[in-house]
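Pasting a structure below so you can have a look.
Naming follows writing order (A, B, C and D), and every chain is counted from residue 1.
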Amino acid sequence: MTVKVTVWNECRHEVEDEEVQKVYPETIGGCIVDGLNPYGFELRLTTLDDEGQGLTDSLLDDTDVLIWWGHRYHGEVQEERVEKVQQRVLQGMGLIVLHSGHHAKIFKRLMGTSCNLAWREADHGECERIWALQPSHPIAEGLPPYIELPKSEMYGEPFDIPEPDELVFTSWYQGGEVLRSGCCFKRGRGKIFYFGPGHETFPIYRDPNIIRVIANGIRYVNQAHGDGWRLENWGRPYPAEPVERAPRQTLFKKPIRRR
Amino acid sequence: MTVKVTVWNECRHEVEDEEVQKVYPETIGGCIVDGLNPYGFELRLTTLDDEGQGLTDSLLDDTDVLIWWGHRYHGEVQEERVEKVQQRVLQGMGLIVLHSGHHAKIFKRLMGTSCNLAWREADHGECERIWALQPSHPIAEGLPPYIELPKSEMYGEPFDIPEPDELVFTSWYQGGEVLRSGCCFKRGRGKIFYFGPGHETFPIYRDPNIIRVIANGIRYVNQAHGDGWRLENWGRPYPAEPVERAPRQTLFKKPIRRR
Amino acid sequence: MTVKVTVWNECRHEVEDEEVQKVYPETIGGCIVDGLNPYGFELRLTTLDDEGQGLTDSLLDDTDVLIWWGHRYHGEVQEERVEKVQQRVLQGMGLIVLHSGHHAKIFKRLMGTSCNLAWREADHGECERIWALQPSHPIAEGLPPYIELPKSEMYGEPFDIPEPDELVFTSWYQGGEVLRSGCCFKRGRGKIFYFGPGHETFPIYRDPNIIRVIANGIRYVNQAHGDGWRLENWGRPYPAEPVERAPRQTLFKKPIRRR
Amino acid sequence: MTVKVTVWNECRHEVEDEEVQKVYPETIGGCIVDGLNPYGFELRLTTLDDEGQGLTDSLLDDTDVLIWWGHRYHGEVQEERVEKVQQRVLQGMGLIVLHSGHHAKIFKRLMGTSCNLAWREADHGECERIWALQPSHPIAEGLPPYIELPKSEMYGEPFDIPEPDELVFTSWYQGGEVLRSGCCFKRGRGKIFYFGPGHETFPIYRDPNIIRVIANGIRYVNQAHGDGWRLENWGRPYPAEPVERAPRQTLFKKPIRRR
């Protein structure tokens, strides 16, 4: 079954910053979609300025995996759209949060933390080297032992996230920092993958290895199946076992102490 | 240093339900405070109907560990109070969420999930047996291998929470269900302990083992120290290492494939 | 690509115990293979009394997923065969350990713990109810919310294993115990799934839901790909970055203390 | 209660290598003991060449926390001594494994993996910067945001260990690598802390911050209490609940499918 992928791109830098226009004339989201094209997903591209902020109920209900790139206008995304995205994740939609999306409302809401980190934008960028800690992880398929980005923006520890369910990548930065840059989380029925690289003024999404990570990530966060319970608040009045008090022997009356 | 503990109790059942008044004439919060008294904490008791909903900035700023019991009026707790509690947890305040607090705004906000579960209130209650999966865990100190509650409300799986950082207790119910009833989480600098037992119409907080769990939990979630970084969004313009591009040899040009 | 599955069965109860012969005339391993037949795996069945204890290098090197059922003669399995199985797991072979395999040398070696648990064999068995804590997990595909076994042997907590990477199932027992009965672990490149049910005197492997769990488990522990590093002790004399001491500014000379 | 700490040092480099004698005339173990002296532990120092390889039953039975530094002669440590140390850890003794101890038999046995990693010894060493990912963790108390070692040996990813229960530190290396250099694990009743820095030809154990990490680690892995079950293979013939088959309603006859 073809995975239905929606790439959501804030798409304001592309309007406001000449420098970004030079790096991504087709927009950041456009570059990601072009890169993902050969992988056989059903791809849709939307932006903050589209109808319903590019996050209409009908679109989200028809999306298997949502990719999020935002930076300057996190604050404009309406709470009620964030709420809808969260509900879809808890129902099983996969979510991939890229780079500065660490401060997106939806990511902070799913993590429960500030998602703050340290950052530095060196004039001409600095080298980032992304190490695969788990070479056999599905998201590391087809990659070299590390991905080297000659020019990147530094995102450094401490990164205020819950301890990831799986830590797939850690980044080295030329300036002396490290970052847990590839993190998997489960929330409700949904899987979430945060991936650090992707600054707007460096052509990082033109690197085939970076696109490969995103493509692997899509397959990984895409829900395996729709079977089983929704995770609902569910009154279950009828017990499977009889609950009238049966004679019962208490085996342990007090603590076992050995100290 | 004495741990400053604030017990927050919704305290509406105690006003509205005769049955609860019979079980907890001193209120649920009052019973917990009485039980904790011998443990040498500095204890404060507040309720939803106190000034600032019992969650004023000055009180929270002076609280090391917050204990939360709420049920019927989660919706009344103001977002801005919830925000303040969350910030305090991220700064290092410990939080213990009891029983029906699984649906408190603050717990759902810190988890990022619905926190739904299955539940059943049998007419005369049913037996719950709380097993310690990690007998050596600090929260299991001084306890029997399991705590037996002859009358409890069933809270059952699936429980929609992130996979806990530590699973300390799992409950068995007479009616046939199980629950991960003792779960530890870290968020920011703060530690959170969810503990399942504690229905308003059963005298569960009169059980010395249940109070012992809460006392152990207070010591466990109390921040070990205040050293080190706050987890802030921090621009760090000056690298520790020179970042001008140095000659660099790329060791791995393509993936290592063995398939 | 068809998954190559080897079902290893101790197969001594089937020789020694009339009662087991009645329940599993085709042997336990035979019953599992028959059950898995419709799932399209390439299935092989071996036993402790086959050549090389049913664990020859050539067989293991040609196995994607190994299923392990043993009980009474764990001690007979040669260290050097255990070593080989462990190496294959670290290289990426999937391993499913069933029921009393919790005490198999290979499982204890991969866990690093005693893998002890509590147990009880009631005369006519007792009810076990296996709850899916993660209904959306691949191993829970196509299952009811719980699997009910009218007659089972009790395996109870505390179960001395490392905290699982993923806890998929927890069992309820009629006699009052619980068990983390469906646990996933990663070791090296390999994935391991422990599944509790399966006593030799109850026809548990005739339950289609139990077989479905094993089939789902095979797909889950089967290595996703063979790309990337083997996890070797690897001297890497040539750095990617120049390591001669460059001028460096120490940003933090002493701890940040706020207490 | 004073924590009884035994520092186990292979202590052969100190005999065989002039260079090491210059760096650690008092031996590596001696330097660690001197550093820990002000912290108020009861300290014992033993070596591979002491009676019982410095790991007699009586010593281990009287040890709360064992610190392990070994490198060249891991192979000489007798299996039966390794077995004893493992049993003590499972019973609750804390273990701190330093640097090249990643290849010690006891560490590999407790992890179940090869514990391989990449390594490089640059002629004059290279800079290592150890970042605290969890500044509020007890092991990070009193430390700067990172510890900078001007000369260190590179230990790099992939590091073949199970995903740590807690990841406290990650190291940056001048040559371009990273390492999960501060990892906590639980096995049985015992806690284990692996800490990466500490090459024999660099005076790393003279750095007060490195000693502080070890001192914090001792307090962290020291068992909180001795209460509760030993994790034994325990037949429990008498159920707490009656197990004769009671009338039972099966709530779920088939999977809930929504796909």
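As a working rule, a residue touches a chain if its C-beta (ideal position, glycine included) is under 8 Å from a C-beta of that chain, and two chains touch if they have at least 3 such contacts.
The structure presented is a predicted model; accordingly, all values stated were derived computationally and were not measured.
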item: Third chains touching both chain D and chain C; value: A, B
item: Whole-Å gap between the CA centroids of chain A and chain C; value: 30
item: Inter-chain centre distance, chain B versus chain C - centres from mean C-alpha coordinates, in Å; value: 32
item: Residues within chain B bordering two or more other chains; value: 127, 129, 132, 134-135, 142-143, 145, 148, 156, 158, 163, 165-166, 174, 176-177, 186, 188, 225-229, 231, 236, 238, 240-241, 246, 248, 250-251, 255-257
item: Chain contact topology (line, ring, star, complete or other); value: complete
item: Chain C to chain A touching residues, read off their complex; value: 92, 127, 129, 132, 134-138, 140-143, 145, 148, 165-166, 174, 176, 186, 188-190, 223-229, 231, 240-241, 248
item: Interface residues, chain C side, partner chain D - complex; value: 86, 90, 103, 109-114, 116-120, 122, 124, 126-127, 142-146, 148, 150, 154, 156, 158, 160, 162-163, 165, 174-177, 185-188, 229, 231-241, 243-246, 248, 250-257
item: Touching residues on chain D, where the partner in the complex is chain A; value: 129, 131-135, 145, 156-159, 163, 166-167, 170-173, 176-178, 180, 225-229, 236, 238, 240-242, 246-251, 255-259
